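Below are two complexes that have chain A in common, paired first with chain B and then with chain C.
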Partner chain A sequence: MAQERPKEVRSEFLYFALRNRKLRVGLGILVFFLLFAIIGPFLTEYDPNTYAGPSAQPPSSEFWFGTTTFGQDVYSQFAHGLRSTFIVGLIGGGIGTLVGVVIGLLAGYRGGMVDEILNMLTNIVLIIPTLSVLIIIAAYLAVRGILTESVFIGLTAWPWAARAIRAQTFSLRTREFVDLARMSGRSSLRIVFTEIAPNMMSYLFLVFILQFGGAILNAATLDFIGLGPTRGMSLGLMMNNAVLWAALQLGMWWWLIPPGAAIAAIVGALYVMNVGLDEVFNPKLREM
Partner chain B sequence: MRRYLGRKLLIYLLTFFVAVTIDWLIPRFMPGNPVDTMLARMALRADSAEVLRSYYIRAFKLDLPLWQQYLNFWAALFRGDLGISTWLFPQPVFQIIKRAVPYDLFLLLPAIILSWIAGNRVGAIAARVRWLDNTILPLGYILTASPYMWLAIVLAWALGNVAGIFPIAGAYGFGLRPHLSWLFIKDLLWHWFLPFSSLFLVMFGGWAIGMRNMIIYELESEYSRYLESLGTPQRLIRKYAFRNAMLPQITGLALQLGGIVAGALATEIVFAYPGIGYMILNAVQNQDYFLIQGCFLFIITGVLLANFIIDLVYIVVDPRTRLGMTGE
Partner chain C sequence: MLKLDGVSKVYRVGTFGGKELHAVSNVSFEVPDGEVVSLIGESGSGKTTIGRMILRLTPITSGTISFNGVDISTLQGEALKDYYRQVQGVFQDPFSSYNPIFKADRIFRIVREEFFPGMKDQEWNGKLEDSLKAVGLNPAHVLNKFPHQLSGGQLQRFLIARALLLDIQFLVADEIISMLDASTRIDVLNLLADLKESRGLSILFITHDLSLGYYISEHAVILYRGCVVEMGSTDRLYNTPLHPYTRMLMAAVPRLDKKWEKVEVELRGKQSQITTGCVYYDRCPEAERSADCLTHRPPLVQVEDDHFVACSRYME
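Right, the complex of A and B next:
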């Protein structure tokens, strides 16, 4: 009996998850772009940065997304850029969530002095505009990769997550089962990770989704300002190049539109998924 | 109220202190010597490189002990001395920023305030009108998920390039000089419209969704149900719900400010609009570190100030803060 319950709960989630239209649509778009990012780069023989053909060509059977002012293949840039978008989202969002969870749990469970200090720290990092810090850091880094970028993005994006998780922890730590665990003499660290964290797993997942989207948007802005990766390709860098090399004035829509459209679609899908998942996890919100 | 304001002020002062320290620390503790990196990128002849090198060492005052460098940095800051730009040599960074700021305010203030008001209104209406909800919600998600510069690019391409209605670069026509006349003001507004619209639209989406969700949440809460059971007219209940939903939206505005500023920077780059964002792009491309640092400080000061104003508004709107019931 005890072993059957989790299975039942899981199938109930699955039942509501499959019925939820928002979740299906969001997940569908996300999976589409994920597959594109994985498979896409193999479908082209051109490197994103080589001068592959005639310049400024609109889409054709040879160059599916057209070419840039320098004759680079826009499709190849797009496919490779999509890859780095997912990498930034995964690593940047992952680190942002992780730091937010650790600080939020610690501040919320310990309370007192630890909470005061961590809360102060959270508030300070919350107010400082993330991007301006990233600009300053990126400006002084001579060589920048997608990985470094993701790490820095993650390390500046955690405050709101920490704040939200702290509030959740506050409400959980006075529950009976936590008191019981405390009476049984377990260490605080174990209580936090075995009693409190599992009870907000669904919440943590939602935080991760929002951090994922936020990291992608942050990276796009940073790349667009010209502080993105110095090697490799990204969607923000594509837009940066397009605007710098007068794609707007020349009306080269095939170079201007796709990178941002992909970002908007991915982040939008994540937001919609977030709402859908919220409905799945929270019975009160389910549309019957 | 004093406790609330005092706490906020302490956080702002600390934040400013941390920001200035970051601004000072990063050039000094990044891997490698920034001066050498800077010179290496400039690819100069050996003798001129040596001259520039000694200039930078003196400019950064890198020959002094660290603690003294740090104090000097603060002292210079209070004199409004942010160094000299290398891109627009020999103009002081402070002057360059001062020239750019009016454009930023002109773009940002109307965009932030109008989108906030319009988003909240439309979101509140969408919460109770089915067909509006079905159109605003998906549209709102697309808008709020769009990177600022992408929407700017799309608008510039569609309305500027294809339709040819609006200009796509600069704050005023190339044939004009800033002066006070109808011709100039009309031209200024004409150039302002697209960057403003793109900022407005992205923010509008976020506020509308936020408000719609908050209203629905409030209408489901106990006090609404209680009022309903008493037979209170729907309009009154909605009014209460709207007022309660406003508070998180105000907090949200404070939290979003950093992101909005970043969006404005990117938008300015698309339209070559001569605000701080455009300055940063040029500073980055010309490796003008003093200008980057100056812009950084300016943005942070601006965001802190805006946060403080929002706090004051909060005191007016939320009676609990006046009674000292919330410490946050």
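Right, the complex of A and C next:
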């Protein structure tokens, strides 16, 4: 009789994960852009903000993605922008998800007074006009890095996630398998993270995707009004610059399309992964 | 021995918790060692709440539940775990008792991690095999499967096997066969009876089905709207039901030799809130009730040896 070992569980999970085409495609696209963000900046000699060559050049062997109105290398901007976009998405989205998940799970499982307090906190943060607060905070800090920006974005983005997870936890905690775990002497914390959270895994991943995308867009907004990183580049900044300098009207597609397409592809890949992961996590959806 | 003494459960309902809902009021009974006691009642009678309070899944509003003389509401940490070593429950819906995304035998692994952390693989596997065999399952056929790959009867036996791993003395069986096929029902029922005989297990058998209660138990407790209306030895209760509610229930048991058109029962209950009078006042046949019933709640009185009833007609 085979007593299941945790290692076997993991390998089985991996087996279904690797067999799922949606997951493979999504992961492939994501890894491609991730590698691009890591390696890309080393392949160019130009700094994203220096005036490297003639202005408004279409893509050529010298400037792979062409140049901007000011003669900056678009490829260099794209590679560096991709990097900071990933950082903002990961840190901002990560913090937003983490805070939302912890508060949502605790409020939902504990209920009562803990729920009242956490719910009040959630509602307060939810009704704060996030963008104005971000603008004020950004305006106070003289030197701003991508990291600070991500942390602020993450700390203001969690409330809706917390609310949704709280509601899900409410419905899951009354299920009998939770009672069974309690009768097995499991601690509340373990029940929350080993019984309730796994049931929401695909949902938690969706939350992360939305937080990831939201963080990127929030960052782009801040960048646009001049409150982004004081020195640096991001895809949002590129797009906003392109719009600002009428790249669309002047037919400079090479300035506009790469950042837009990259954001769309990254978020799209995450969505496809989410559907695939749903099948991996929920055995009922699997095609056996 | 498990003993309930004046146990009540009150929920706050309505806007700002302004109203009270008495799910269980002032219930006292005991389950002696090695006996099966049936807790019988309709939906909403509070029978599941009582089971959950015994299992420490729902806190008690007032009264005490004691197990072998120890008040269980004060148990914490290790003491509570020790209590669960002796007292376990099996619920109505075998499908929702399993976390759908894990394999069904994970319930055994949790028991091992929590209660037998130091046990060697071989010893554990032997123990698991014994307890699966005790509930009539073939380990090779049922282990390493997802809940949706097993039948309701198998899942329900799994839950009983899980309880048996712990050398329990007391089992709360909450409607455990109501979701099973008729053919598997009797097997599970007989399994409980066997366990009682072979292990001296005490069982609180919660059901809405009178005939099941008669089949399996020595004592029965009839619950109506959170109050005990009649209790006593199964034989006495079933042969001479005294409370009008019990008699109505007896008359409502479907019988093979009778068409179900002229049942002499009144099932139309008005849902009014009774706070002081008899809980059964609304549905009590007119002839039997008096004005007193509306103002005084009759206490549970002994009418004969091992037979108690809460009805004003039997008060001296």
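Here is the rule we use: the second predicted complex is superposed on the first by the 207 of 288 C-alpha atoms of A that agree within 3 Å, B and C clash if a C-alpha of one lies under 4 Å from a C-alpha of the other, contacts with A are read in each partner's own complex, and residues count from 1 in each chain.
Basically, contacts are C-beta pairs under 8 Å (C-beta built on N, C-alpha and C of every residue); 3 or more make two chains touch, one makes a residue touch a chain.
The shown structure was predicted, so the numbers you read here are calculated from the model rather than taken from an experiment.
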{"item": "Contacts of A:Asn199 with chain B and chain C, given as first, second, both or neither", "value": "second"}
{"item": "Which superposed partner A:Asp179 touches (first chain B, second chain C, both, neither)", "value": "second"}
{"item": "Partner chain(s) touched by A:Ala167 [first = chain B, second = chain C, both, neither]", "value": "neither"}
{"item": "Touched partner set for A:Ile128, first chain B, second chain C, both or neither", "value": "first"}
{"item": "Winner by number of chain A residues touched, once chain B and chain C are compared", "value": "B"}
{"item": "Touched partner set for A:Asn282, first chain B, second chain C, both or neither", "value": "second"}
{"item": "Which of chain B and chain C A:Leu248 touches, first, second, both or neither", "value": "first"}
{"item": "Touched partner set for A:Leu35, first chain B, second chain C, both or neither", "value": "neither"}
{"item": "First (chain B), second (chain C), both or neither touched by A:Leu14", "value": "neither"}
{"item": "Which of chain B and chain C A:Val114 touches, first, second, both or neither", "value": "neither"}
{"item": "Overlap of chain C and chain B interfaces on chain A (superposed complexes)", "value": "284"}
{"item": "Residues of chain A that touch chain C when the two form their complex", "value": "1-4, 175-177, 179-186, 195, 198-199, 201, 281-284"}
{"item": "Chain A contact footprint on chain C (complex, rising order)", "value": "52, 55-57, 80-81, 84, 88-89, 91, 93, 96-103, 105-107, 109-111, 114-115, 121, 124-125, 128-129, 139-140, 143-144, 146, 148, 159, 162"}
{"item": "Chain B contact footprint on chain A (complex, rising order)", "value": "120, 123-124, 126-133, 135-137, 139-142, 160, 213, 217-218, 220-221, 224-227, 236, 239, 242-243, 248-249, 251, 253, 256-257, 259-261, 263-268, 270-272, 284"}
{"item": "Residues of chain B touching chain A in the complex", "value": "11-12, 14-15, 18-19, 22-23, 26-27, 30-32, 34, 37, 41, 141-142, 144-151, 153-154, 156-157, 160-162, 168-169, 220, 255, 257-259, 261-263, 265-266, 269-270, 277, 280-281, 284-285, 287, 289, 292-293, 295-296, 299-300, 303-304, 307"}
